[in-house]
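Next up: some structures, all given as structure tokens.
Below are two complexes that have chain A in common, paired first with chain B and then with chain C.
Now for the complex of A and B:
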């Protein structure tokens, strides 16, 4: 295992390339010499972090105690292993990751899990805009994997997502599920304006307040089996706190967005 | 203080002065090449290195609104290649982004990193000239200028329609001077105007433009005459009608014939050299095009080679941009530049397994290999339309190394070489001297840049020194030294210094009274006042007037 402990105040540091698998057999001095982009220039990892290595068995692990260092793009393209951030992370955490696991004990910035195709991200605090969404300029968002945010998220969670699950313990701001192509965004709290705007397919599940666009049409009230299973999976194996009453209610289904393909849905929980 | 440098013992390729691989010294004093230097001046050991003049890119797109749009349209490409600021003598340079359309400072660094020291943006709307000058000033290490888009200007077309040829010429001259342009460009002449008026395009050289009595033929010949009348250093730079369409070689040949001996430079000829039927698959018509060009000394061309990999279509040919958007479904931006022109931008990718792309790739190479006179050929990828300028070293290897070329040919899909001379086994391999011509001497000469592209006394001391040996791609990817205006900016492969280039602009010859005669028509058509149109000289860098001392219209357009 490698542990990095922040030793400076540094924002705008790119954590791209900081992957557990990259350092699996590296010595401390070698890790410390890794160059990271820092603003317009580069800096050695050792100038920003104290580096400690410890032998370990199993999957490679990278533990980051960021202190005053804000790392962006941490876990980009990660394929295996585990990253633990004992604090806050910056933007694009786990962007385009393929596999492995990232745990953040604090909060993180925008585009968490942007365009990921596999793997698992857990954020104990809040996440910024476009969690699981497309990165700026990208045509589609996450296409696989799981993102769990125990707190709340910013705008456009799951924007243009293609597959996968984004589960949010708190609330989601505007346009959750924006332009989704498929996949599931589940929000235990309320959602901001224009939920699932321009969605083509996919499911937005909301347990709190939601004010829908007129381009969504009421379809029915029912108890979808997949949701019961999903909630059980979240609260069980994934240890994601789901209030017990949510497992009992029914859901009102609204189809839309009819300004697009209209094959998506918003499921609003009702305490029946 | 006089700065002198003796570049000792390099293998010099300076075909403009008949030097082809001679081992000799090149002498530099105060930013120019000189014939003699006193003993004891500082020396640069060039033994074992190949010495070329600095590269000159006659047709690229590195400034202006279309480049800005391309960067905004594809942040994912910029994000993929962050470029830290280089450590330079006297301070840190500028960080930037790379990809197909690098940021401005990065563009200068990357060009210099290949040994290029001058570049011409081939398509700037005069209305956007102010921005273009500002942006070019942020591209270090390159002397640069641009060609102004005139082929769909409503004001100029109206003068042509009224049969006022003399006023047409002086108006063109005034616009060029006001914009601070090096030369004139026509893109799909009349076709863009027709598209903006609601038609799909013009189909050929004799289609009326947007309900008027004039045709692309009239526009092309009038602009070619105007370039000569205005004594421009570079002839009309022409992007023909029907870009990219199967069967467009007929239009291209008809355009060449319509010129009737007038000088013209054909832009990205590769995109205009296709046989086949409209609506079908293109096949190569490069042999027929090459045969015609070979027989007509009034014609020159840059190739616009397609390179497999990412590209960005950015073109003033709006209907072509729109068609590609419809064909590919890719994101697209269209920019309408009121009475002057338009612009379409979309990210693109050329794939070697795509038959159409393979044909395009092959056609470009044919045009290079079938050209008898390298002095009328310019190496380009129409950056970033056919691919990035960063692919030039690979393109050079394709030209110099037949075995490598044949290996690449084998990757193409079956049938892609139908009608192609490459299928018959073109054996030609470019020599270092020919590479020096198509990347330096010819573009400089064709653009009228008399101090560039050669190493004779009086030339700008812009040089690139490459290590000899290995494959050509590796060699041209990594110059050992690059010298810009007498300053060694790249040493041992590392960028060490950054210097500012100058603005390359022409001095069109026209009657100073033109502005007054043009004013009523200008004020009635443009959205800005005529007095606010000219770009002030202070916006331009240094003094890079080409082809004359001062404009006859005055040092500042009135």
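Now for the complex of A and C:
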């Protein structure tokens, strides 16, 4: 395991390339010489972090105690192993990741899990805009994997996502599930304006307040069996706290967005 | 060998390799889970006549099912993986999808060999179906008039053993039935096995071939009481009725255990002998010797 402990105040540092698999067999000095982009400059990792390595069995692990350093793009393209951030992370956490696991004990910035195709991200605090969405200028959001945000998220969670799951313990701001092609965004709290706007086939599941666009049409009230599986998966193996009352009750199904295909859905929980 | 005063013949049951699947069906309540089970396992007594053998392994309490509703575990066996896939497609499609409130899951998630079931049944949704990936497994949501049918895309197939058996030779049909009912009750506690015949019991044990061209199996006249005077009988003089218990399972050990507990339970007053069916050992690769089964696992009582 490699532990990086922040030793400076630095924002805007790119953490791209800081991957557990890259450092699996590296010595401390070698890790410390890794160059990171820092604005228009580059800096050595050892100038920003105190580096410690410890032998470990199993999957490679990178532990970051960021202190005053805000790392962006951490875990980009990650394929295996584990990153633990004992604090806050910046933007593009786990962008385009393929596999492995990222745990953030604090909060993180925008585009968490942007365009990821696999792997697992857990954020104990809040996440910014476009969690699981497309990266800047990108046409597609996440295409696989799981993002759990125990707090709340900003605008356009799951924007343009194709597959995968984004589960949010708090609330989601505007346009959750915007333009989703498929996949699931589940929000235990409420959602902001224009939920699931322009979705094609995605599912937006909301347990709190929601004001829907007129391009969504009421279908029925029922108990979707797949949600039983999903909630058990979340509260069991994924240890994502789902209030007991949500396991009961029914869902009002709204089909839409009829400005697009109309094959998406919003499922609104209703206390039985 | 005698068990509880009943003679157990020194012979063996001859069984065959098969392929099997486990299907978990859940429903809004136990009643509808059992209705689906009855329908799914209907006309599935013998692979020769029904193309598969199927049965209820056990009811499942809500805490043991994937979606937390009451359910059943069903096993289906056929000669090869392709046949298992075809039969699952037919039976899940006609007997589970049609049954109110049900959902259908694979009960062999670790199996390497997979057959596509939900992925083919999905087209019943006529392009209104939708899929969800949960915990690395794909499920299909098929809209139906009652609501939504959820079915897992692929089902695992494992090797199995078909045709474990024993025959209960009793004084009367009432005594034979009572013995077999006790055997079935005891076998129900064994995992990984089913009893594909009605109530777990078959009265028409068969022999290979017949005097008619093209008929692969026919009545086992040596054990028919009404033919005692006309054929070379295997029946002791005071035996008036014979019933057979047939067992399929996923492992040789499970079938052996089922036979062991079944024979012990069937050994009761009015039963004259217990034997087993075989073809001389030339057809089936699994041989379950009655004496070895009973000696290896002595009766704790």
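As a working rule, the second predicted complex is superposed on the first by the 272 of 272 C-alpha atoms of A that agree within 3 Å, B and C clash if a C-alpha of one lies under 4 Å from a C-alpha of the other, contacts with A are read in each partner's own complex, and residues count from 1 in each chain.
Definition applied: contacts are C-beta pairs under 8 Å (C-beta built on N, C-alpha and C of every residue); 3 or more make two chains touch, one makes a residue touch a chain.
As the structure is a computational prediction, the values presented were derived from the model and not from experiment.
Peer 1: Once the two structures are overlaid on chain A, check if chain B and chain C clash or fit side by side.
Peer 2: Fit: chain B and chain C sit side by side once superposed on chain A.
Peer 1: Taking the superposition on A as described, I'd like to know which of chain B and chain C A:163 touches: first, second, both or neither.
Peer 2: In the superposition, A:163 touches chain C alone.
Peer 1: Kindly classify A:184 by the partners it touches after superposition: chain B alone (first), chain C alone (second), both, or neither?
Peer 2: second
Peer 1: Touching A:42 in the superposition: chain B (first), chain C (second), both, neither?
Peer 2: After superposition on chain A, A:42 lies in contact with chain B alone.
Peer 1: Calculate the angle at chain A, using C-alpha centres, between the directions toward chain B and chain C; round to the nearest 10 degrees.
Peer 2: 120
Peer 1: Tell me which touches more residues of chain A here: chain C or chain B.
Peer 2: So, of the two partners, C touches more residues of chain A.
Peer 1: Given the touch rule stated above, what does A:34 touch, chain B (first), chain C (second), both, or neither?
Peer 2: Touch status of A:34: no partner.
Peer 1: Let me test your reading of the model: by the given contact rule, A:222 touches which partner, first (chain B), second (chain C), both or neither?
Peer 2: In the superposed model, A:222 contacts chain C only, not chain B.
Peer 1: May I ask you to decide whether A:135 touches chain B, chain C, both, or neither, giving the answer as first, second, both or neither?
Peer 2: In the superposed model, A:135 contacts chain B only, not chain C.
Peer 1: When the two structures are overlaid on chain A, which partner does A:263 contact: first (chain B), second (chain C), both, or neither?
Peer 2: Only chain C is touched by A:263; chain B is not.
Peer 1: Kindly classify A:14 by the partners it touches after superposition: chain B alone (first), chain C alone (second), both, or neither?
Peer 2: In the superposition, A:14 contacts chain B only.
Peer 1: Closest pair of CA atoms, one in chain B and one in chain C, after superposing: how far apart in Å?
Peer 2: Minimum C-alpha separation, chain B to chain C, in the superposed model is 24 Å.
Peer 1: Of all the chain A residues, which ones make contact with chain B and with chain C?
Peer 2: none
Peer 1: In their shared complex, at which residues does chain C touch chain A?
Peer 2: Those residues of chain C that touch chain A are 26, 66-69, 103, 128, 130, 132-135, 139, 141, 147-148, 150.
Peer 1: With touch defined as at the start, can you tell me which chain B residues reach chain A in the complex?
Peer 2: For this pair, the touching residues of chain B are 73-77, 79, 82, 84-85, 92, 94-95, 331.
Peer 1: Which residues of chain A touch chain B in their complex?
Peer 2: Interface residues on chain A, with respect to chain B: 14, 37, 39-42, 135-139.
Peer 1: Where on chain A does chain C make contact in their complex?
Peer 2: Touch list, chain A to chain C: 144, 163-165, 184, 201, 203, 220, 222-226, 228-230, 232-233, 237, 247, 263.
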